[in-house]
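Chain IDs A, B, C, D and E follow the sequence of writing; residue 1 opens each chain.
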Amino acid sequence: MDGKNFCRVEWSVNFEYTYIREVSAIHDVKIEGLSFAYKNDNRLILKDISIDVQAGTFVALLGQSGCGKSTFLRLLAGLETATAGTIFLDDRPVSRASLDKGMVFQDYGLFPWMTAGENIMLALKQRFPQQDRKKLKQLALDTLNAVGLDESVYRKLPKELSGGMKQRCAIAQAFGIDPPILLMDEPFGALDAVTRARLQDLVLKLWSQENPKKTVFFVTHDVDEALLLANRIIVFGQSPSNIIYECSIPADQRPTRENQFDNPELLELRNTLIFQINKDVVSRIS
Amino acid sequence: MDGKNFCRVEWSVNFEYTYIREVSAIHDVKIEGLSFAYKNDNRLILKDISIDVQAGTFVALLGQSGCGKSTFLRLLAGLETATAGTIFLDDRPVSRASLDKGMVFQDYGLFPWMTAGENIMLALKQRFPQQDRKKLKQLALDTLNAVGLDESVYRKLPKELSGGMKQRCAIAQAFGIDPPILLMDEPFGALDAVTRARLQDLVLKLWSQENPKKTVFFVTHDVDEALLLANRIIVFGQSPSNIIYECSIPADQRPTRENQFDNPELLELRNTLIFQINKDVVSRIS
Amino acid sequence: GCGGNSSNSTPASTPKSTDAAKAAPETSVVRWNYGTSGNVMVTIAEKKGYFKDEGITLEMVPATANADAMALLATGKADVASNAGTSNPLQQIASGVDLTIFGGHMVDGSMPIVARKGTKWNGVQDLIGKKFACNPAYFAFTGAVMDLGYNDPLKAVEWVTYTNYNDALAAVVRGEVDYALMGTGQNYAVKNMKEIDIVAWQGDVMKNYSCCRLVAPTSFVKNNPNTVKGIMKALIRAQRYYEANKNEAITLQAENIKTSTEYVAAYMLNDNYVVSPDPLKNPVIRAWGILDKTGFLNKKAKDINIADHINTDLYKAALDEVTAQYGSEDPEFYKKLQAFYQENNS
Amino acid sequence: MDKFKIFLKKYWLTVCIYVALVLLYVYATKSGRANPYLFPEVEAIWAAFSNNQGVMLLNMVSSFKLMIPSILISLAIALILGTILGLTEWLRDALYPIIYAFSVIPSILLSPFALLLAPNFTVASIFLISYGTVWTTLFATITGIMTIDKRYLDKAATLELSGIKLMTKVILPAASPSILAGFVSSLRGTFLMLVYVEMYGTQYGMGFFVKKYSEFGLYDHTWVGFIFMVIILVIVMQLFEMMKKYILKWTI
Amino acid sequence: MDKFKIFLKKYWLTVCIYVALVLLYVYATKSGRANPYLFPEVEAIWAAFSNNQGVMLLNMVSSFKLMIPSILISLAIALILGTILGLTEWLRDALYPIIYAFSVIPSILLSPFALLLAPNFTVASIFLISYGTVWTTLFATITGIMTIDKRYLDKAATLELSGIKLMTKVILPAASPSILAGFVSSLRGTFLMLVYVEMYGTQYGMGFFVKKYSEFGLYDHTWVGFIFMVIILVIVMQLFEMMKKYILKWTI
């Protein structure tokens, strides 16, 4: 924070970019009896989790800190290997990390030693090795534009960008490589309220306009964020984690930022979720 | 997080310790026309803030991320020098950091190269250079006990402690040196809900049992935390920051964790505070 | 020439007891520098008590590099340096350091010139235009080249400088250089190497090239004439003992520098190994001239008369006294020394 | 003019100290307090410099001809070996004691071995310089790679980066702060080695010049070579520090 | 027994490599492929060792007598100067160019100067070793202190820590990872210097032994000294690494 000269860019978004879609199939995700313990630690973090997620669903994962949300996402991404159980994309089990499971981390979205543009280009070149550089660069600029950043950001190092801008670049990267499955681990956790709200809108817009839509797993602490974005919400319990609550939000019930607190059904749901997440807090302090 | 063997200690608290109180006077804090800009950055962070805080008040500072709460606390601590205006403790202006303004940081509460015990002893020896080592060690153990940690923690390095235990040690240190003014900068920001709730109770208990009570400035993001702990709440606006809202909670109105959501007046206040903090979010995203 | 026996040497100290008081040394403890290769006359003089006879005790001050040895003299950390060659003391004198050469250690240091096996040696002219691993400040070669009629010996031969003899040896083996000059201590190694031959010795190139001189600050020599004379007396007697008992000398030296007798014998039992405490004034003056011509002396050298920095009187006096005291033991030897003195110091 | 003022403000003390050192030298030599053999008068040094100006440049070029390949080779070895060992724990465990043992061997002791075994003397020189300087960078590389934040590797895995691309785009940049810190130290060592290995197969070289004239006992020349070398080395180090700053500009 | 198994599992490759090196040496010397001057037969080396067992210990003690004070002095200078420069920006700006210039001077070139100026040999030797090794630690200290997390200093300020207490309790520990990394590198340099400064004022010393016999061309002795020295140095370094691990056990 000490005196960096953040470059401040106008937030004018042009959502329309012609992305390169090479993988048309968006996969169903099917998880069967998933359990997990870290190798150096016998404690079971996740225990016997089974869910089916239909292609094109926006899933929000809620749960208290330390309950294993990140771990779950890492398993989906193929960065960890399940102790028991399997994750299927359609019918192929997940075996290792790959480009069709995009990941947006809380920080670490960008390699700090490359400019924002180089970061995006690296990913695009990995994803579309056949395409020529020029076209990819155009795509990179377009996606940056789509998240409201202009060309000047392309040449900036991550440390010269504010937290929000960095996250927008990471989102631009993720949407640019257009993975059928997108995993987001508290992507807005470190941002202030305004930036956060804008990025929520942005992700929702980018996701909505695609056809077919990506399958998204979105980890968050914030119930309102989950309600605003997701059409399916899953709550994890603690030690070892399992799904303790879940619900779907039908398309016609989805709130907007403005009417989020008007729908009594949603308010009810909101209270239920808060209760579910925190239910053991009061009982466990004594 | 990777596989450290946290030592898990039972949480049995013995609040009664005989602390050494050398400074009996608890000071009024009076702030007059305080403005501040970081030297390497001309932007004004705080602008013309004036308040009076009576000795023994528990002040909660609320405000959006980046609005300058930490900066304000650093000024109170004497770690930064005001660009304009003055902070008085009773009638003495604050000129530099000192032991009678205790500070509990979000992390960095303990020096990582010393054991928890050495950390506390270092502070106690600074504060009470006349006292003999044995008595101080007893005090250190007592305060550790008061925050629910036993003797084994005394010999542990910070990296061997969980986040909650580290914060408890920092609190033990702060209460051990018994500064008339205690500054806490989101001390529980990085903790999970259960630990957080227990530490809130702990601080409240420790603070309440003293007589006269310390003056506390407590920075937080969390409105419920503020309502539970403070008897005065101040909300900071943004760029440049000023006090945009403030209120007091009379002693007879103070909530407990159990009845926090029952009192309609407090619920009203809660909504007002949330509105005040976020009021510019919706207007500023467009 | 070996075959001397120990009965030859008398531990006699009786004859000189009368004038002992008169010639008492001004300084009884002399701090003496020599390097790892040792100094056989000093060793003998110590072991046989010749220094003790003169009322002198030696304190060893080890240091190997020449410049280091000179630094020791300059700062008074040592009184006498015996193994620092000739050119380095002369260069010091030329740049204004007030040193005096009052004696010697080796006249010829048995320093072999080596080349690849099978190389024929016809004389110094063979070096012309060749690569020669040798420090040109060692004037014997530059002098010899000038004697052949070359005005600029530094250009006539391609001189190559290496930090140590092993590197130079490797350079010969690898054909990087055509010839290399080796040190006294390399005799053993060189003789045991198959790839190379010793083609000549430094002494062949310049007779009595005055290998190592005994040097001390002029003030030391001036203020301690009796001490210096005592030293010379002891060394003269040591030379006699050495020449008569080479095998024993070898053993003593090997013990002193902690090596095998084979190692020491490799250079000591060599006709090119000649030790003598004689100051060798003439060769030193010759060396001064060569160094000056080849540019190794400071400009101030023009104003310096090198003869002022060579003291032959004390040696001569010592020689006379020793001859008087012990001449009867080995008249041949002392006669030879007198002749040698006349030849080299007039 | 303004820049000059800023410079002066920052460096007045530096300049003063250098001037004081020079004056001290002049005083010590003129007054005869200093040993005239080791400390020739300033005029003599100046004269030696005037006579050798051309040679100085030759020396520099010749030294660089040795230094640059040596540095590149030692860097390449350190990076390749360091990366392999940094990433492979079992190999690191096994080879560490061996690398360790070799790393403590003073490289100058190896000179006769190098001279006899290398195909030519330039190679021997390069070997000795590299040997003398590779270790610090090597150990720094191993440490740097061992301590890479695992999250970068995760990110790389999700981008399916592997092989050379993984190395050049992720692993080496991530470890570069440690690697470069080690490398500065190595560089300093390179200069030291230069003085010792420049006698082989060369007639020019900054170290060669210094060493040669100190063996010849001509200290006016030695001083010229010395000062020249120090200036060049400071410039090289400074350039390198700038490069380092540039490469690491992404760090905080 | 179990410990032995674990050791073997980790180090079987190490042991194999060492054995292979020894066998290679034996083969090369026996078959006459190796230069017999530089590579004496194993029996000769063994004989040299048997004859010099006692001397070896003397050498070690003598070397340590030089090394330990040198290391302590260079550490003290690096810490004190490094702390001052790390904390005082204007002084750092001013002195950096000077320190830099001195740091690139190869210390071995200074030996006649050191002898001239030092009151005795031991001091001269210690000066040269310290001079040769102080720089890496010094620069590491400066960097370490410059990059201390300001929040530690804030915490120290609120505890009213100052002077010596601030130094020993906060600044030095906070900078210790950087300082110790530099110091390991310095230590490696110390061994190299040992070989060069053990030439005067001593009759014993590991470096002296190696150097002397290599000058004599007695390579059986040289090898003994060499192997002995490497073993001792590896042990010293290993001890130091253990100490470092202990001191830095608070880091992640």
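Please note the rule applied: contacts are C-beta pairs under 8 Å (C-beta built on N, C-alpha and C of every residue); 3 or more make two chains touch, one makes a residue touch a chain.
Computed from a predicted structure; not experimentally measured.
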Identity of the chain that, by mean CA position, is farthest from chain B: C
Whole-Å gap separating chain B and chain E, where each centre is the average of the chain's CA atoms: 48
Intercentroid distance (Cα basis), chain E paired with chain A, Å: 51
Please compute the C-alpha centroid of chain C, do the same for chain D, then give the distance between them in whole Å. 40
Centroid from C-alpha atoms only, then distance chain A to chain C, rounded to Å. What do you get? 86
Residue numbers in chain B touching 2 or more other chains? 2
Residues of chain C engaged with two or more neighbouring chains: 67, 70-71, 74-75, 164, 166, 169, 173
Which positions in chain E are in touch with at least two other chains? 35, 112-113, 116, 214
Let me know each pair of chains that touch one another. A-B, A-D, B-E, C-D, C-E, D-E
Within the complex, which stretch of chain D touches chain A? 149, 151-152, 154-155, 157-161, 169-170, 173-174, 176, 249-252
The answer for chain D against chain E in the complex is residues 10-14, 17-18, 35, 38, 90-91, 93-98, 100-101, 103-109, 112-113, 116, 132, 135-136, 139-140, 143, 181-182, 184-185, 188-189, 191-192, 194-196, 207, 210-211, 214, 226, 229-231, 233-234, 237-238
In their shared complex, at which residues does chain A touch chain D? 74, 77-79, 96-99, 101-103, 105, 108-109, 111-114, 122-123, 126, 157-159
Once bound in the complex, which stretches of chain A touch chain B? 2-3, 38, 40-41, 64-66, 191-194, 197-198, 201, 257-258, 277-278, 280-282, 284-285
Which chain E residues qualify as touching chain C in the complex? 35-37, 55, 111-113, 115-117, 120-121, 199-203, 212, 214-218
